[in-house]
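Labels run A, B, C and D following the written order; every chain starts at residue 1.
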Amino acid sequence: MYSFTNDYSEGAHPRILKAMLEANLTQNTGYSLDTHTGHAIELIKKEICCHEADIHIIVGGTQTNLIAISAALRPFQAVISASTGHINVHETGAIEATGHKVLAMTAPDGRLTPALVQEALDFHTDEHMVQPKMVYISNSTEIGTQYTKTELEALSRFCRLHDLYLFMDGARMGAALTSPVNDLTLADIARLTDVFYIGGTKNGALFGEALVITREELKADFRFMIKQRGAMLAKGWLLGIQFEELFQNDLFYDMARHANAMASVLRDALTECGYSFAYDSMTNQLFPIFSDETIEKLAQHFTFNMDRRMDETHSAIRLVTSWATTEEGVREFVEFIRGLR
Amino acid sequence: MYSFTNDYSEGAHPRILKAMLEANLTQNTGYSLDTHTGHAIELIKKEICCHEADIHIIVGGTQTNLIAISAALRPFQAVISASTGHINVHETGAIEATGHKVLAMTAPDGRLTPALVQEALDFHTDEHMVQPKMVYISNSTEIGTQYTKTELEALSRFCRLHDLYLFMDGARMGAALTSPVNDLTLADIARLTDVFYIGGTKNGALFGEALVITREELKADFRFMIKQRGAMLAKGWLLGIQFEELFQNDLFYDMARHANAMASVLRDALTECGYSFAYDSMTNQLFPIFSDETIEKLAQHFTFNMDRRMDETHSAIRLVTSWATTEEGVREFVEFIRGLR
Amino acid sequence: MYSFTNDYSEGAHPRILKAMLEANLTQNTGYSLDTHTGHAIELIKKEICCHEADIHIIVGGTQTNLIAISAALRPFQAVISASTGHINVHETGAIEATGHKVLAMTAPDGRLTPALVQEALDFHTDEHMVQPKMVYISNSTEIGTQYTKTELEALSRFCRLHDLYLFMDGARMGAALTSPVNDLTLADIARLTDVFYIGGTKNGALFGEALVITREELKADFRFMIKQRGAMLAKGWLLGIQFEELFQNDLFYDMARHANAMASVLRDALTECGYSFAYDSMTNQLFPIFSDETIEKLAQHFTFNMDRRMDETHSAIRLVTSWATTEEGVREFVEFIRGLR
Amino acid sequence: MYSFTNDYSEGAHPRILKAMLEANLTQNTGYSLDTHTGHAIELIKKEICCHEADIHIIVGGTQTNLIAISAALRPFQAVISASTGHINVHETGAIEATGHKVLAMTAPDGRLTPALVQEALDFHTDEHMVQPKMVYISNSTEIGTQYTKTELEALSRFCRLHDLYLFMDGARMGAALTSPVNDLTLADIARLTDVFYIGGTKNGALFGEALVITREELKADFRFMIKQRGAMLAKGWLLGIQFEELFQNDLFYDMARHANAMASVLRDALTECGYSFAYDSMTNQLFPIFSDETIEKLAQHFTFNMDRRMDETHSAIRLVTSWATTEEGVREFVEFIRGLR
């Protein structure tokens, strides 16, 4: 059965594995102090047009989120998130486990706006309540939507005006940046946020998220935070090698573009067949709505996750494509859908 | 310059990489629910002769320590460790960051004894002090020493009598179990401890520590703990594949045996040349004592870590061998040492 | 200006102060191991008809909440609360600071129901999300409403069925139990919850909340929790003496009854004058809705807190009465309101 | 039986109680925003000759320690303490529960020195270890010793040079400042430390510790910390009234002077009878060494705590005097001791 369950069902792009193999018997300095990591960081700095950034490559996304957030906040400070935000729902309370409240705002399409952040600020007025200090957004979001440059600029301006840190979770940054409706670059993001990361795990690396810190006051002693949370990989060059490959010759963008292209084929076919979507996504996650009967049939040939119930007889499912999604897999799905009519 | 800095300077055994390559484009279930991990767990259960154990493979050692300890303790409970224990010194307060005090006992050779644990119990008598509840030991220890079966049996008996959990950090388990003076098996360790782990990172895997929980009450909901601490690897089968290889055809033991053999060559040569050691190690870490002058000469040809100052003109250094240490590298060191006479 | 700001604007009932004075120069055992505390606990046990309960008297409410909750939960477990719950809004993230997520459910009248708790359970399905384990309710609630016996029985049954702890914050327990519509007793509450507390601070003690633990598994080593959170009062007998007085000769109920009676006079006058209320309260907190203009006039003669804006020209304010509220103060307010017509 | 168990066996000085009684029915603003607290803070500022200090009065000592320390440190930072320090031994891991390691240094007389702090700094060299950032000292110490001006100046200079915060626990500040060998004033302490507190609980208040923050960067948003840890007393004026009395007409010093005078009588008599002491204390805690037989006899007439075993037949006990210790109680003890000869 072909799987559209997620974008981390396969390993890594062959070029990445090849590079890891070639370096296998070289003696490297541990804990990300090696030359591969140094080179990867240089490549990323160039890509984001920001040579003053501090960059740390960390194994996983939840880890990166909890480290970045707990490094930035004092004990009584909170992070504002869309209620659909990964940190609010899918990290088993990882942020709270570091002592901080997540202030969840209802954002119908998964994106925070200055108005929603203002609402959180208005509510928290004194020392009997937590103090909002960071705004957490995802791009693309957990439901496939994404920020435009105008939107991110507005949010950035608002955060700076109110002395809030703006943090972008980029676990699916590649999908956002190569979406047909995107008008942001990594350089824009580096300029408009205080800290963000570029996801490798969901875009063709074995694992690895490159955390970029541009705000000066968030940089200090960051490696202590990484080590304390158990996230300093002994063989850190494995992370460095992967990001060297991702940011050489556009591999990062090429893989994401492929994932989006595969999603587009699915989206077009579904639309053509008259299906609607729970969320409006132009990235690699689609949320088509089917009748329970159709879902049952689909589940006999494909694997995917349920998203949520829409009415008594219909639910949205989640289809995810990736760098590794094959044209055959997509064609099979499209033909199956067409055959249902 | 040849490096004796640590046992994680190279990547992984070629057989491990080969297996990862072969599985690269297969679609796997995420988060360690895949068949490779299932198979690896079966292999380990067989090796430890304990089919009721719960086994979780986790990326790194500090991560594994902090998860296992914070999962077992109530907020006011503490873990007893030798003062040289990894959790006490080299984890940036990772255990304290989960809320728990580490009670450090001075153990000259890095090993805890019932008498040392008793001392901690005697001191902590009421609710104004933390409550000791877990005993943390390492095998081999951070200074290369190891537990005999008799010693571990005594400690295990003592812990059960006093309702203390016994946790063994096995980051260097391979080195301990293949040391010439070892009389323990993994089955003994599974029987005598409540929770322990088998280290992959320092014994020829890219990364990965297999945590084995034998005590019933420590098993519940453990995957929640892993996820909350950011330690649930999306592509968890990467861990599974590595431990499949480690526990097929004795690769785990063979690699550790090689590391110990290389250390033996160094130890014999050093002894023959009249050098003494800061600690008595029969595993892959050696702590020879040299004059400052000799250390300076060595440092021009080899890399290694300083351990501690012994007197005004002498220090102990740390030499570590691994599965990847070459006979050439060792020979070069031996010849250099002999040439100093 | 007479204050209706809260129920802790004055000190303590004179009988309580008298008892404290009388004991002032006696040498007492510290840390709540004294005879006054012992006696107070006996009186409470008798009142709740439960001699197996463990009872600890703690200085303040936020303290009691954070200790009771963090003592009961494992790191990945969460507590369900109405979104208006004190722990969710007015404790500066005290629960999150102990590592636990508060799952806030929208409950229009501040009370949780089995259906609302079920909703939280349905959403949290696996180890990628926190595990709901405790249900937190307040009686009376933060908005003056209260639980009936039928409602509490239903919630209790539901919690036991789903192995959830039921915790009642009784900071305003007196107001709830002496409300004209109440049909619960402390004995009922002891029977239907797992842990609850009886508030002294807001009902005529200088300070003090008596935490009652009836669930066996929540009792163990509780004094360690109290001490660790900095809540073990050196001169603990001060707490004991106050609860001795509260539970001798019905002082606890008499004071709460007075507070409710004073609120009734206000409620009747406001209703008679045609004002409506933001919440339906029969206890000592009232939330009348006034025009901005009226509020401005009131604020020149009385102090009170704003609650929330109802529309463009009206807001709800909060009026709180207490054991110490004088008939003169109430009469003055009533006359002022009547004079506005 | 007369008790020398501690300095918090009785209530409060009658003048303090009288002031509380007089204010009992006044309506006060809650949460320490009242005029009594304001006045107390002014009195303290005058006493310490520092009008820029931020002052917060908090119920208890462990609470004050954990709030002050966790407010100052980032997650990976640690506090250095003498191994006998209250935070290291007698607070049930309260500091670790906020996430921070206590680095315990062996200080034979309970006092830290620049050399001991340097030792801690030397050991903690990189991000694999915690980062020492605060130095915690007590005056008088847990074993009755105290700092001279020269010593405190040296420690202060050292801390500023190494960018370490210096925090003085003054639970027994009164005893230190009125000891015959003292040459420090509160103004000196305000000048030489970054944050310290003046203990009320152990010097004739019902409860209350006045925390003084002089270092600018430690002041921000401190009330959020107090509230989050459950330490913001609803009826905060109770704290204010007590410190008003303590710092009006020298009551604070007079009570401490009495405690020390009573200890002097005991010390002189014990010395005269040939007994020696485990620690050299000129404050209100004495640690005389007796044979087990003598201790048994003493225990039939007086209550006190055991300190530690000195040899097979002798132990040190702890005798504590207070503002409330009576001359009769002391005379009785002296006569008993003399009668043993």
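The definition used in the following text is that contacts are C-beta pairs under 8 Å (C-beta built on N, C-alpha and C of every residue); 3 or more make two chains touch, one makes a residue touch a chain.
If you're wondering where the values come from, they're calculated on a predicted model, not measured in any experiment.
J.: Looking at chain pairs A-B and B-C, which one is connected by more C-beta pairs in contact?
T.: Of A-B and B-C, more C-beta pairs in contact link A-B.
J.: Based on the averaged CA atom positions, which chain is farthest from chain A?
T.: Between chain A and the rest, the longest centre separation is with D.
J.: Just give me the whole-number Å value for how far the CA centre of chain B lies from that of chain D.
T.: Computed from C-alpha means, the inter-chain centre distance equals 42 Å.
J.: Mind checking the centre-to-centre distance between chain B and chain C? Centres are C-alpha means, answer in whole Å.
T.: 50
J.: From the mean C-alpha coordinate of chain A to that of chain B, what's the distance rounded to whole Å?
T.: About 34 Å, centre to centre.
J.: What positions in chain D touch 2 or more of the other chains?
T.: Within chain D, the residues that touch at least two other chains are 75-76, 91-93, 97-99, 127-128, 130, 224, 227-228, 232.
J.: In their complex, what parts of chain B are in touch with chain A?
T.: Contacts found on chain B: 2-3, 5-6, 8-12, 14, 17, 20-21, 23-30, 59-67, 91-94, 97, 201-202, 206-207, 224, 227-235, 238, 324.
J.: Which residues, counting only chain A, touch chain C once they are in their complex?
T.: Residues 75-76, 78, 89-93, 96-102, 127-130 of chain A touch chain C in their complex.
J.: Name, in rising order, each residue of chain B that touches chain C in their complex.
T.: Touching chain C: residues 70-71, 74-76, 98-99, 127-128, 130-131, 221, 223-228, 232 of chain B.
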